[in-house]
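Before I ask anything, here is the structure I am working with.
Order of writing sets the labels: A, B, C, D and E. Residues in every chain begin at 1.
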Amino acid sequence: MNLVDKQAVQNKMTKRIISNRIMRQMFFLASIFGIVVLTVLLYRIFSEGLPYLDWRFLTSFASRFPAEAGIKAAIAGSVWLMSVTAPISLVIGVGTAIYLEEYAKENKFTQFIRMNISNLAGVPSVVFGLLGLTVFVRLMEMGRSIIAGGLTMSLLILPIIVVSSQEAIRAIPKNQYEASYAMGATKWQTIRRIVLPAAIPGILTGGILALSRAIGETAPLLMIGALSFIAYLPENIWSGFTVLPIQIFNWTGRPQEEFHLVASAGIIVLLIILLLMNSIAIVIRNKFSKRY
Amino acid sequence: ACNNTGDSEKSRDEEGTSNTDQHTRAETTEVVVDGSSTVFPIMEAVAEEYQKENQGARVNIGTSGSGGGFEKFAAGETHISNASRPIKKEEKAALEKADIDYTEFQIALDGLSIVINKKNDWVDQLTVEELNKMWSADGNVTTWADVREGWPDEEIQFYSPGADSGTFDYFSEVVFGEEGDIRQDASLSEDDNVLVQGVTGSKNGISYFGYAYYAENKDQLKAVPIVNDSGEAVKPNQETVQSGKYNPFARPLFIYVKHSTLKNESVYNFAKYALENAGAMAESVGYVAKPDSAYEKALIRLDEIAGK
Amino acid sequence: MTVNVKEIMNEKKLNQHFLRILEKVVPVFFLLCAIISVLTTIGIILTLLVETITFFNRVSFGEFITGTEWWPFGENASYGILPLISGTLLITGIAMIVALPIGLASAIYLSEFASPKVRKVVKPVLEVLAGIPTIVYGFFALTFVTPILQLVIDDLPIFNALSPGIVVGIMIIPMIASLSEDAMSSVPNHMREGALALGSTRLEVALKVVVPAALSGIIGSFLLGISRAIGETMIVSVAAGSTPKLTTDVTESIQTMTSYIVQVTLGDASYGSTIYYSIYAVGMTLFVFTLIMNLLSQYISSRFKEDY
Amino acid sequence: MNTATDRKPVSIIKTNEPIKEETKTIYMVNNFNLWYGENQALYEVNMGIPMNKVTAIIGPSGCGKSTFIKALNRMVELVPSVKMTGTIKYNDNDIFSSKYKVEDLRTSVGMVFQNPNPFPKSIYENVIYGPKTHGIKRKKILDEIAEKSLKEAALWDEVKDRLHENAFGLSGGQQQRLCIARCLAIEPDVILMDEPTSALDPISTTKIEELVQNLKKDYSIVIVTHNMQQAARISDKTAFFLNGEVIEYNNTDELFSNPNDKRTEDYITGRFG
Amino acid sequence: MNTATDRKPVSIIKTNEPIKEETKTIYMVNNFNLWYGENQALYEVNMGIPMNKVTAIIGPSGCGKSTFIKALNRMVELVPSVKMTGTIKYNDNDIFSSKYKVEDLRTSVGMVFQNPNPFPKSIYENVIYGPKTHGIKRKKILDEIAEKSLKEAALWDEVKDRLHENAFGLSGGQQQRLCIARCLAIEPDVILMDEPTSALDPISTTKIEELVQNLKKDYSIVIVTHNMQQAARISDKTAFFLNGEVIEYNNTDELFSNPNDKRTEDYITGRFG
């Protein structure tokens, strides 16, 4: 007895295959939608900003003349900020990840920490800005310094780093641990000599992506009050500073049309830095990805 | 209290106190300026020139807004505070409490420009009363016809700077005085360029903002002549603003200088330089200079305070 | 040439006390790291709470939570958060209408149809898209998307919820696409094989097997996207205007909680004013919102978790 | 209606009756070569697969068994780097011809995998997945199909009271029979099985072996196994693969009792593998 | 110096000489039970493991072979849900006693796993991982250890010119011998091997089997295998596990030629598994 009408199945087949084809095109269009938007966006920015982008632009301080305005202080500020944020967030983030993956017992407290981290990942950056303003700038009297900005940013990207480090650690096959333990290695020896080296590509990739987020953040730094004009380079973590997005924001607020073009040039610089950071992440991912 | 440099950080630790009147600043070469974002471009220009002429000089400028600036000024964190409005009572009190003596200097003028769309060919001039009627929260103006007989029966679109800005303060002060509130259905934006976009994009738009934003967009916007106290309808431009003919919307811009910090050579030099050049710098960034005599008087006053 | 490894190892064991101590100290250090994230949350809550309490000493909680008007400026200030919440939800809603279908469709394409080569190119491009600073998107919304929309919708004001909503949506597409793709590509291949071997087309495999199996990850990405949309600041500040309004009309200018906070920090409110405290109350509301979103997402992902 | 329960149990010990000449060949493989990228995995395979019989494929790990059986329903093409030469004819149709739709082929040729791979849905949904996909919507028919297929797969009695529970709740052996039921639901002509019992316990294995014996009345079955005893017990014909080549292909009892090739002999006596 | 190369090859075919009474028992397992959470995986295991002999553990998949051998060096404790009762004595020390450090136990008892698991480091680094972990730092000593261990594992000749290349560049069989070398580097007394050849080709398998034969002079070896021929070829004693129980434990030739238990017989004749 045949319950499946083969002929009917046959008849429906063509329709199914066609709808497969059509939807495939739809999905394809959807995924290039993002790329098209990106192209439009980049086209506008580049056509406006490129004429202003030259060596002088990179090596001059801000100026009231659009043609003389440069982005040196902002680049230096961003670099300083990142060099505070990167080590702090990496150490704490990786430490947290190691704790959660290697040491934590499955109990309420651990669950709480996990929940807390994924919750922090969703907290808007303005709220971190309020935290930074109240705790670092005011309460701890750090002022509007690089260290205050750097700490705020560290906390902001901490959850991203924790999660990506956790994933990197989790991706290490069990058999690597077994091999090390079976040799009589202690837990810390195993972590230091097997786990960390193997997880470093994943950690760095996640770290770089997190830093790219930090380098483009405007709102929290506006809130803790990064400077708008500074015509010398920061000397230490207590110095005042400005960063790329703030400088860009400042230029876009100017009445003179040329400053808006200068802002585009600033955006190009920021995008190039982002692209560089992303490429480094990809290179690391490809180069060091271990084939177990 | 807080600092922006390592040097001052160190000396603070040595003193072990966080007194509000920071002598510590006297040792540093850094000049710290903060306050109004409206005044910022002028002071940025001054600082730029100053640093060109004095190698190694260090000036940094923040844009916390006039109020934010006074707050830092009272906390002893800054030497000079920029403001787009005169200091308020509470701010005075705070400075007094912190034992800070200061002097106010007017460094430039800004002609608050009331602007409309290029295609708007009916509005030839406006009086302050009409503005009051238009912008009032409890006025019943929705269309141009409600403002003046004969104007088209089309809905007005209101654009206004953020209610938290000095420009907004000044405008509502002039138009409403102590009583009355500005209408709340206006589109507000913190960014004056965004307002420019707003009026450029809508035929029935009206807005007001600093002269520079109008001057830069003359080809896209029209400034409305405003009837001044002598009954004359005046358009904002360098001359009418400086001479005071464009009133009541010509507003002064200020810097406030802390007396004790003038002992510090770098602050004194910078303040002096600022007063000497503010006029020229203001013009170069789209504001209006005060008459030369005003700056001369200000410089004498500065030297008096500094004891020179 | 034989070395007696065992003997050497035994000798070494004697001076390995240091290692034993290390073995005890290290976990404590890592625990401290983990606790910092908890401290951050506590810090956020305390920060917000202290100032929020001050705020509620001046403004009644009832007014705050039920008031339909948000106008913290001028004489008769009113602090009803509902307009800010409605603005936030409006932006989030529009963003989701844009981002969910496109993001999910891209994810399906990348995970189920694209060749590995295409995936290798498209995914990083999407990630770059995710990295563009939001301020850039803000001006894109104001100067590109809004004019285009104005061609379609006749009297669309320059500030409206629609344009920034769409752009926020565009901004989170990469995130949703990337995370959903991760979830779908972690569905084991043998599931797909099972369905394909029954004569399913790729589309049927994607929709009937892969998407249901990856549902928890996909929903997780949606909820994260919603969190991002709720928390987005700069796009809305630039392109939506700053007009708190209790409305569901997407063509109107609105204000969100985040853009209010930025407005005030950029503005002139002085420390200690009610406006100043209000940003903490708004921040608290925002925090509670994202907290709810996250708890919801954790509940859902534990609910729908499939173990294959 | 054919159900597993109303048949008398069949001995799982290999019968020694000689296999009669095949009536019909359902698959004809000619000079078939297959590469994964640069690496050749199958070399000049020639093989006819008989209808309504059980054909076993044996050989050591990595010899190409899975690759071969996946070529029969073109599942191997899921690996993008795959290249092929030669022909495979199914019922005299070239399966690689552009006229022949791969979905059609896979509808007639069911497949059961090494590891049970039910969908994360209910038992019932799993079984009717195929028919539903192929456009059958009426609840009544679907119910009947589900019952019939589960009975054929000898699973009905064990699951009839929990049809709407998640399939992951079943034991490994039950899951594998569910996958067989799922494959029977679309009434294929051929069933390909890739080591269907290698992940199962002895008792489940026995059940599946019995099932295969029952199914061959209605279906042609190709089964890959690394367990030579299993091949000997249940198959009619056996092919021995080594390094991508068919070393020997013969009636099962002959191949095991009297291998023609030294390598076959080494393998079946456990000399390697 | 013992190297694989200067020994004469040993036949890998099982010798039929009777095994003499063991001189010494290195492991003594008494009434050992083990649970993964609620599920009991080992039931009342009693077994003495002889010194300098090869002991094979056979049984169908899931019967607890891996669990048992991992209990011997307490690796099984890496699964947090594990609970145990009974005793295991190693050289008369209770391995679960709090006085006995688990790192010490694992230093004396090496382990080789089913899938070769070298570290993603150079060949050299892999071998000296253990000695370095135990505090040996002098380059000269480490070099000597590396050479000696690689020779013992019969890998030296193949890798001596590429010691500083990544271990993943080796073939599966070479990787497995590298893992053996890595384990020999800390000079353990016992080597536990969990299906060390199941992922390998026949030639590599033969090499490893020879190696095991050579190593038993100096080491006590416990080897898990699913390949009965292998057990028969290389071991002195064999234990047959089924569902977590030791069904039979005897000298290898006796167990295979004359099993006491029906289930053993069924298993070794390929009736299931």
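In this text, a contact is a pair of C-beta atoms (placed from the backbone, for glycine too) under 8 Å apart; a residue touches a chain by one contact, two chains touch by 3 or more.
The model shown is predicted, which means the values in this text are computed figures rather than measured ones.
The chains in contact with subunit B and with subunit D alike are A, C. More C-beta pairs touch across the A-C interface than across any other pair of chains.
With centres defined by CA atoms alone, the chain at the far end from subunit E is B.
The distance from the centre of subunit C to the centre of subunit D, with each centre set as the mean of the Cα atoms, comes to 48 Å.
The geometric centre of subunit D is 36 Å away from that of subunit E, both derived from CA atoms. Each chain gets a centre from the mean of its Cα atoms; for subunit B and subunit E, those two points are 83 Å apart. Multi-chain contact residues of subunit E (touching two or more other chains): 107, 134, 186. Contact of a single residue of subunit A with at least two other chains is seen at positions 16-17, 186, 189, 252.
With touch defined as above, residues shared between interfaces to two or more other chains in subunit C number as follows: 201, 204, 262, 266.
The touching residues of subunit A, when paired with subunit D in their complex, are 1-6, 8-10, 12-13, 16-17.
Residues 73, 75, 78, 80, 103-107, 110-111, 113, 115, 117-121, 129-130, 133-134, 168, 179, 182-183, 186 of subunit E are the ones touching subunit A in the complex. For subunit C in complex with subunit B, the touching residues are 69, 71-76, 142-143, 146-147, 150, 157-159, 237-238, 241-243, 245, 253, 255, 262-264, 266-271, 273, 275. Remark: subunit A residues 105-106, 173-186, 189, 193-194, 197-198, 290-292 touch subunit E in the complex. Residues of subunit C touching subunit A in their complex: 19, 22-23, 26-27, 29-38, 40-41, 43-44, 47-48, 51, 101-102, 105-106, 108-110, 112-114, 122, 124-129, 131-137, 139-140, 144, 170, 173-174, 177, 201-204, 224, 227-228, 230-234, 258, 261-262, 265-266, 279-280, 283, 286-287, 290-291, 293-295, 297-298.
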